Every structure is written in structure tokens, then in C-alpha cells.
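Chain IDs A, B and C follow the sequence of writing; residue 1 opens each chain.
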Amino acid sequence: MKRTILFTALLGLLWLFTGAQDTPGAEDILEKIDENMVFDTAYVEAEMRITIRNRLITKTFTSFSQGNEKSFLEFLSPARDRGTKILKIEEIVQIYYPSAERILRLSGHLLRQSMMGSDFSYEDMTERSKKLREEYRAEVKGREEIDGRPCWVMELVSRLPKQTYFTRKVWVDSERYLGLREELYAKSGKLLKVMTVDEIKTTRNRFYPVKVTLEDKLRENSRTEMIITRIDFDVPVPEGTFSERNLMRK
Amino acid sequence: MIKNIFKLSWRNIWRNKRRTVITFLAVAVGVMTLIFMQSYINGIMNSATDAMVKLDIGHIKLVNPEYLRLKRIMPKEYMVPDIDRVTAAVNRVKGVDMVDPRIRFNVLLSHGNDNEIGIAVGMDPPLVDDNIQLSHQVTEGRYLERDGRELIIGRKLAEKLNVAVDDELLLITTDINYSSYALAFKIVGIFETGYSYMDKYLLFLPLPQAQTMLDCGNAAHEVLLFIDDPERAVAVAGEIRTALAGHPQAGDIEVIPWQQDELLGELVPMMQDIWGAIMKIIMLIVGLVILNTMLMTVMERFHEIGVMKALGFKNLEVFVMIMVEAAYIGVIGALVGGALGGPLSAWLEKTGIDVTKMLGEGLMEKFDIPIPMLAKILYPDFSLAILIHAIVFGVIVALIAVLYPAIKSLRMSPVEAFRSELKV
Amino acid sequence: MGSLFKLAFRNVFRFKRRTFITFTAVSVGLALLIIMICLMNGVDKQSIDNIVNSETSHIKIFKRGYFEKKDELPMDLRIDDADDVRSWLSDRPEIRRMEKRILFGASIIKGMDELPCLGVAMEPEQDPFIFNIKASLLEGDWLKPDDTGILIGKDLADDVGLKVGDLVTVRLISSSDRENFSWNALDVEVKGLFDTGNPNTDGQVLILPLARAQQALSMGSGATELVIRLNVADPTDPSIEATRKEVQAILKRRGADLEVYSWKELAGEFLIISKMKTRNSSMIIMIMLIIAAMGIANTMLMAVLERTREIGMLAALGMKKSQILVLFLIEGGIIGVIGSLVGCLLGGLGGWYLQVHGWKLGSEAFGDITASFYPLKNVFYADLSLDVLVMTFVLGTVIAVVTSFYPALKAARLNPVDALRHI
């Protein structure tokens, strides 16, 4: 009899210490976000609106992606940027400059440069969420509301000493498993970038951000709005898209 | 009687040839020294500022005030617009010899797997060569032609990138509208100026190529103007401002004569102080020599004065005679000094003095410093003003030297004058 | 011989005007020479002192291999056992203070502009005893060890447009390895501006407390250099090199993988330029010396010419040629000695005055000469030293005697009859 009571008490204590059932573990959340974003292939047409020093510069591009590993971007406008193409395979990024008819391979510090003058860096564009799970330790810190949506506030701290964004704070929509706001911090705690999702589209039971704003806090008064004007999932990707040959095509 | 005094004085001084010749040699040598030293010193001061003026400041600089304010950061977008129009306006101003527009911007350099940041300077190759003989500093390959997708690069930068002549170099930059732009250039030459700033970071390319990369149309960051009379820079700058007043973007163009350049404005007065002091010391010594020699001439011949007075010459006449004799010697000596020193300095101005021989080439090699390109040969700066000043100085000192004993003699009796030679 | 001396003496003082002129030439010429040399030495010394006080100090200890790459600021070549080293050296009397420092690549970000500069992390409690940065603070306050602010050079502040109290973002580069490039960013307040007089320091350096930098750069308790200031007054003191060798030996015995360098090796490029300038000024001094010697020679020659009759008389009275020669040489010597003495006195006074008050040059709104790498301000101080005085004294006397030789020879060779007839 005593034994049963003890056992139940222990179970109860255990249950108490593992926390309330309705808050999932951070790992789970990250996994669910992944699930939401998973696709085989995608075709995107987008517009980048860069506000810098009181000027507005608009660029348009198309892109093919294969999962999170491969993507191919091609800029259509403005004229000076037309024909510039970016090929990303895993961690390697290559840029083709039509004016020079040459390819530049980006690595190291070059990846942290601004992409095409925007607030996004090349590194930002090559991010894979698997990397997030591998390289960061995640913790759910609480709940907040953003624009009426209930969110979990997650904090990710880098496991690696040398990471551009050492700490990340993510507000995850608890119903749709989509990051609505992200704050990226340097090791010192300095806020480096802020990303907000302004518009979401529903496709096939998935929730996809179609308007994202990123602010690089190290650039005064600078903001880039990425607006996806068209997105098709699981489209057939033309053969040879993710290749150097395709980069150099006229 | 006055005419006689002149003839008499002349005969007097030639009576003791040796003494006279020595005296007037002293004056001549003194004047020559002054001419040469002042020219040499001016040459030194010039060479110090020369490099900066020719490379960076020009006699007059046209620049966008915002660019100037932030000059260390090199903001690309603040430019002097519409160079053609500016050039036309500037050329209407008298005295403008050369219009040298420049563009300067940060650029990413890529060759194979090597990347470096450098500073690209777009300029007019034949113009710049005329000015600073940049082509002479190209140690490998050749200099730039007026236009073409080619560049020359500093030696140290070339080493960092592992490139050689005839290699291709990819230049990538963000243009003034925030587009990424790249061009592939051929390296036609490697230069070595001796200025480590230049050899480590710079590459030169034709201005139109730079304008293409920045997508700025026919604009430039700086326009260096060179005028025929640098001393008049401030006045000419004013005329240029007036000429540019009609330019629609005149507010973007600031006209700065070299005297108002921040750096030079501090450096030049300081150098003038130092060298001025040294020159004064030299003048003191030369003056003393002339003084001493002239004095001796008079003192030695005081008994002659006694004789003259005894012979009936009036005091005033004797005074005038002393002064006139001194004048003869002073003027002839000074003129001879000028005649010798002037042409010598003028000739040296053309050929220059090879400084390396004096500084010791060995020292340079030991420390592996190539001698900075504009400092190898020193050109003394001779001018008519220097010549005239030196001659006048010589004559005046000669006269002053003699003034004291001449005045004393006025009141002396013949006997006193006669005796005074022995005493002093 | 003794009588010659007496005669020489009497001659010198008899012909007051002539002696006066000659002796003025010698003394004024020498005095000016002394002042010039003292000024040039002073300028040199000023620059060296400045570099030692603002940049290199006397001795620095680096990890082996750091020095060759020091321009790249290799953060991986760092000293982790700096505190141990300090304890090994703490009882040495010739060491005044030691300080851990980190030099790192940095940039100041203000608005849209980013300006690269040199980051220096130091220990606020040790630094004032080693470098002159605290002493040269123009505005603002010194940092505390746990401070969140920075200090920047006045020139750097002007270039970016910053003043005390401004907030900026500073990027700290913690690895310059191309593949592994990483950085951190801090928001900091400008707490003070310094003006050391060294354009390298004032135009490029920003200063942080060591602890903060170690944290931001993930360096634990490491440092890139250990700076040692010795108890010597003058950087040219030879004991510095001896101490350097000793410290190196100690480190070797303890098995530490560290190298010790003195300021001379650290101030490389500056010293080369300084040597060039010394050569330049020596040339000028040489020219002035020649001109001065010519002046003295001239007065000597004049003296002989003036006294032709007198020499004739001496010869007629039986004085031998050799004696006349010696007589004039002695006279030259006497004037030389007295003239040099007075010259050294005047020069010494002038030099002393300039040592205390300095010579202000150029325009009023002057700062530092950044055209050259020479740390300099616009007030020049002379450096008076006994060596200079003694050498000039000897030099003056020698020149006076040597330049009297030719005239003395001429005097001795005069034909008495012609001489007497000379008018």
C-alpha cells in the first residue's frame, strides 16, 4: 500500500517537474516549423524593396529552390542588376556578374556582406533551419502576442563560440508554427538585425510568409522588404538549374 | 669736385690690388652663397609640398563638400557632377593649365581564390603621367593607355593577390545606386612608388572605366586643377567659382586653392619658419664676413685719410670718398657674385642635384625603401627676386660696415687719423 | 715659448676691434650651431619619447610567431599565461609596470559609415603608469575596469564626427582568418578623447577595458601582448637591451613559448624615417659649419692682412719665421678658446631656454603633422646635453686654430722689407 502511494507521488512529482503539457519542448517547436516549411522544390518570383538613406530602390528576381540545400536566383531588374545570378549549393555561394561575365565564389567574411545592397547578407540567404537545430540550444521563454496571434517566445543560444548571430529570439506563432518575428543578436548582446513577417499566405495547409521585412541595425535607417509575388511548390525544376553552366548562361 | 671724388675713389681702391680683390671677393662669395642657399632651401621646401600637391591636392581642387567632410570613409555617391561642363567653365578662366579629374572608391579584388580590398583610382592616364611621371614608376609591364579595360596595380597589393602582369583581375563594387557591379580587367603593369600607402592599396585605371563601374555618368570625386602661377591660386579659385556659378549643381562643387588645404596650410608655415630661421643665420654669417672684410679695408687705410685731410680735403669730402669706395667694392662685388651665383643656381634648377648620392643609396637598400618617387632629385628654386635681394643685401652691408669709421673720421684731425692705424 | 704666449695674449687684447669681430664670429656662430643641434636632438627625442609613451613602451612580450605577423593582428597567436609571466617577473627592480593588452581589428559604425580602426584593450589601472594616454586626455574621463565606454583619439573622432557622450557601434574582429572570419558588435559610449601627439595613435586607435574586450572576443583571460615599462628615464638607455635579454632568458627557462622585443624593433618604420631625417639635418649642419668656418677663416685672414706692417717689424726685430707662425697660431687658439667658451655659454643659455619654453612654429591652429609618420607637434623643444657643448667647444677651438694656419703661414712668409713698406 505504502509503495503504491510513494510511486504515485513520485510519478506526480515527475509530471510536475516536466512542465505543463500544453507547452511543447523547444526542439519540438523547431521540428514543427521545419515541417511547415518543407517542400521538395519551389519557384518564387519576388520583389526586394530597399530603403536606404531616404532612397527607395526596388529589385526583382526569380528563384528555384530544392529543399533547403540548393537554390538559384536570377535578378530581373533594375537594368544594372539584370542577369546577375546567385547559385547556392549547401554552404557554397557563387555569384555570376553579367557585366564581367565572371563568377565570384563567396566564402568567409564575404558571405556576411550585404546581398545586392539589401539588409540581407548572403549568409542570411543560405540559412538552413537544420543548422539552427544543430548549432543552437533552444529554450522556450514564455508567451506573447504579436498582431493578435499567440506566440511562443523562444531563445536560441549558439553552441559554437564563433557565430555571427550568437543569440536569436524568435516569436513563433503557436498555431501556425511560423516565426513571426526574429531578433538577431551579436555575442555582446548588441541587436544586429530584426525580421518581421508582415503577410502570410496559406497554401495546401501550409503557412508561408509572403512579405518579410528585415532591418540591419548596423545600417542607420535601412530596411529591406522582401515581397513574394508568386510562389509555386513542388514544381518540376529544369534540368541543370543548379549548375555553374546555368550561372553563365546569357 | 664731386666728379673728381668718384675718379679719385676709383684710383684709390686699385692702388692696393690685393687688398681690394680680397675684399670684393668676400662680397662676391658672400652674395653667391646667399643666392645658392636660398635657392636650395626653396627647392627643399618645394619638394616637400610638391608630392602632395601633384598627387592629392592640386593647385586648386574641385570637390563635393560632403565628400570632403567624410573623406576618410570615401562615400561614393558625393561627386562633382557633369565634368564636361565643369571643364569647359574652368578652361575659360585664364591661367588654368591642366584639369585632372579623379574617382576613388573601395573595391573588392578577386583573382582565383584570392580576394583583397583595394582602392581603385580612376584618372586620365596621359594627364597624370605628364604631371607626376607615374609611368616611370611602373617596374613591370607597361603604363596605361587613355581608355581600355586595363589597370596598373601597386606592387604590395599585387603580391597579396598573387597576380602578375597580364593576369586578369575581377573588380567588384557597389555602384552609387546600390547595385553590385563587376568588371574583369587586365593587369598591364605593376608600379612601385616608394609610398607604402600607394603600393599597398592602390590601383589605377582609366576614368571612363571607373565611371562605368560606379554608374555615375560623367562625374568625378575630385578635380585637380593645375595653374601656371601657383601663387595666384586663391585669386584663380575665385574666378573659377564665378565661372561655375551658372552650373545647375554649383552647390555640390567646392573650390579649394592649395593654400587653404588643411594639411598644407599647417605644414607650409611651419616649414617657412624653420627654413626662414636657418636662412637668417646664414645671412648673419655672410653679413659678418662682408662686414669684417670691408671694415678692415677702411681701418687699414686710415692713415691715408690723415694724409688727405692734411692735403686739404674737407671732412665731408673725405666721408663721401670713403662711402663711395665702399660702394664701388660693394656693388662690383655683389654684381659679380650675382653674375656667378645666378646662372649657377638657374642651371642647377634645370638639372637638379642628385640627392641620392648625398643621402647614401646604401642606406636605402639596406632597409628596402625605394626612394619616394618625387624626392630623388632636388631642384633649387632660383628666381630673379632671390638674385636682387642677395645683391642688395651685399651692397647694403658693405656700406653699413664702412659707415661707422667713416662717421668717426668726420671729426678727426689729420694727425689723429694718421695715428689711428697703429692703434687699432 | 712662454714669451710668445705672453705676446700673443697681449696682441689679442690690444687690438680690441679686430679681436672683437673675430671672436663674435666664433662665438655667435658656435652658439647658433649649438642651438640648432640641440633643437634637432630635441625633436628627435620628442618623437622617440612620444612613440615609447604612446605606442611601444620599452619592451613587449608576444607569443612566438606573433611579431612577424603583427600587421595582420593574428588573434590566434595569443598569450594565455600572461598572469603567470607577470608573477615570474614581478620582483625585478628594473621593471616598473606590466600590462596585458589586446590589439584587434575594429571598425566604428556611425550611421551608414564604417571606418576601420585599431582596437586596443588595456588594463585601466596599469595603463597610466605605462602609457601617456590618460595624461593626454583632452575631454571626458578615463575608463574603469568594468566600463562600457571607449576612448578614441582626437583625430579619429574628428574624422568620424564624434564627441564625448556620443553612442556608436563598434565592430570587433575576433578572427581575421579568411575562412573563419568572425566578429562581434558592441554599442558603446564615447567616454573620452585623447591627444597623445602620435598621429598613428590619435588617428586610428580606440581603447576598451581589457575585460570587456576579452569577453567580446571570446579570449578568456588571454592577451596578445604583455607590455613592460622599465625604470629608465631615457629610451636610449642601453640597459633596456640587457633587460630584454634577461627577460627572454627567464621565459625560456620557464618553458614559455614567448618572445621579447624592445621598442626599437617595434618602432621599425618610424626609425627608418627618423634616420633619413637625421641624415638630412646632418647635411644642413655640415653646410652651416662650412659657412661658419669660412667666416672664421675670413676674419683670421683679414687680421693678418691688417697687421702686415707689424709683422714686418717683428721680423725685422729678429723674430724667426717659425716663431711668427706659432705666434699667430696661438693667437688663433686663444680667440678660439675664448670665443668657443662664450659661444658655448650663449648656446647653452639659448638651448636651455628652448628646452624649457620651446619654439612655437607655424600657424596657431596647428595640430600634428600627419603627412609624415613622425609624431610631432608644432612646438619644438631643444635637448641640451653636455656632450654637445663640449664637442662644440673643442670644434670651435680647432676650427679657429686650423683656419689661422693659412694666414699664419702667409704672415711668416712675408718679406720684412715689403711688409714694412706696406701702407
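By definition in this document, a residue touches a chain if its C-beta (ideal position, glycine included) is under 8 Å from a C-beta of that chain, and two chains touch if they have at least 3 such contacts.
Since we're looking at a predicted model, the values are computed, not measured.
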{"item": "Relative to subunit A, chain with the most remote C-alpha centre", "value": "B"}
{"item": "Pair sharing more residue contacts (C-beta pairs) when A-C is set against B-C", "value": "B-C"}
{"item": "Centre distance in Å when subunit A and subunit B are each reduced to the mean of their C-alpha atoms", "value": "62"}
{"item": "Centroid distance [mean C-alpha coordinates] between subunit C and subunit A, Å", "value": "59"}
{"item": "Separation of mean Cα positions, subunit C and subunit B [Å, integer]", "value": "27"}
{"item": "Sites on subunit A at which at least two other chains make contact", "value": "52"}
{"item": "Per-residue overlap in subunit C, given as positions that touch at least 2 other chains", "value": "114, 178"}
{"item": "Where subunit B touches two or more other chains, by residue", "value": "115"}
{"item": "In the complex with subunit C, residue positions of subunit A that touch it", "value": "52-53, 107-109, 112, 161-164, 166, 186-188, 190, 192, 218-222"}
{"item": "Subunit A partner contacts - residues on subunit C that touch it in the complex", "value": "109-112, 114, 169, 171, 174-175, 177-187, 215-216, 218"}
{"item": "Residues on subunit C engaged by subunit B in the complex (per definition of touch)", "value": "15-18, 21-22, 24-25, 28-29, 32, 36, 113-115, 159-161, 178, 269, 272, 275-276, 279-280, 283-284, 287-288, 291-292, 294-295, 298-299, 301-302, 305-306, 361-363, 365-367, 369-371, 378, 423"}
{"item": "Complex contact set, residues of subunit A against subunit B", "value": "50, 52, 57, 78, 80-81, 84, 95, 97, 99-102, 104-105, 110, 116-117"}
{"item": "Sites on subunit B touched by subunit A in the complex", "value": "108, 110, 113, 115, 170, 172, 174-175, 177-184, 215"}
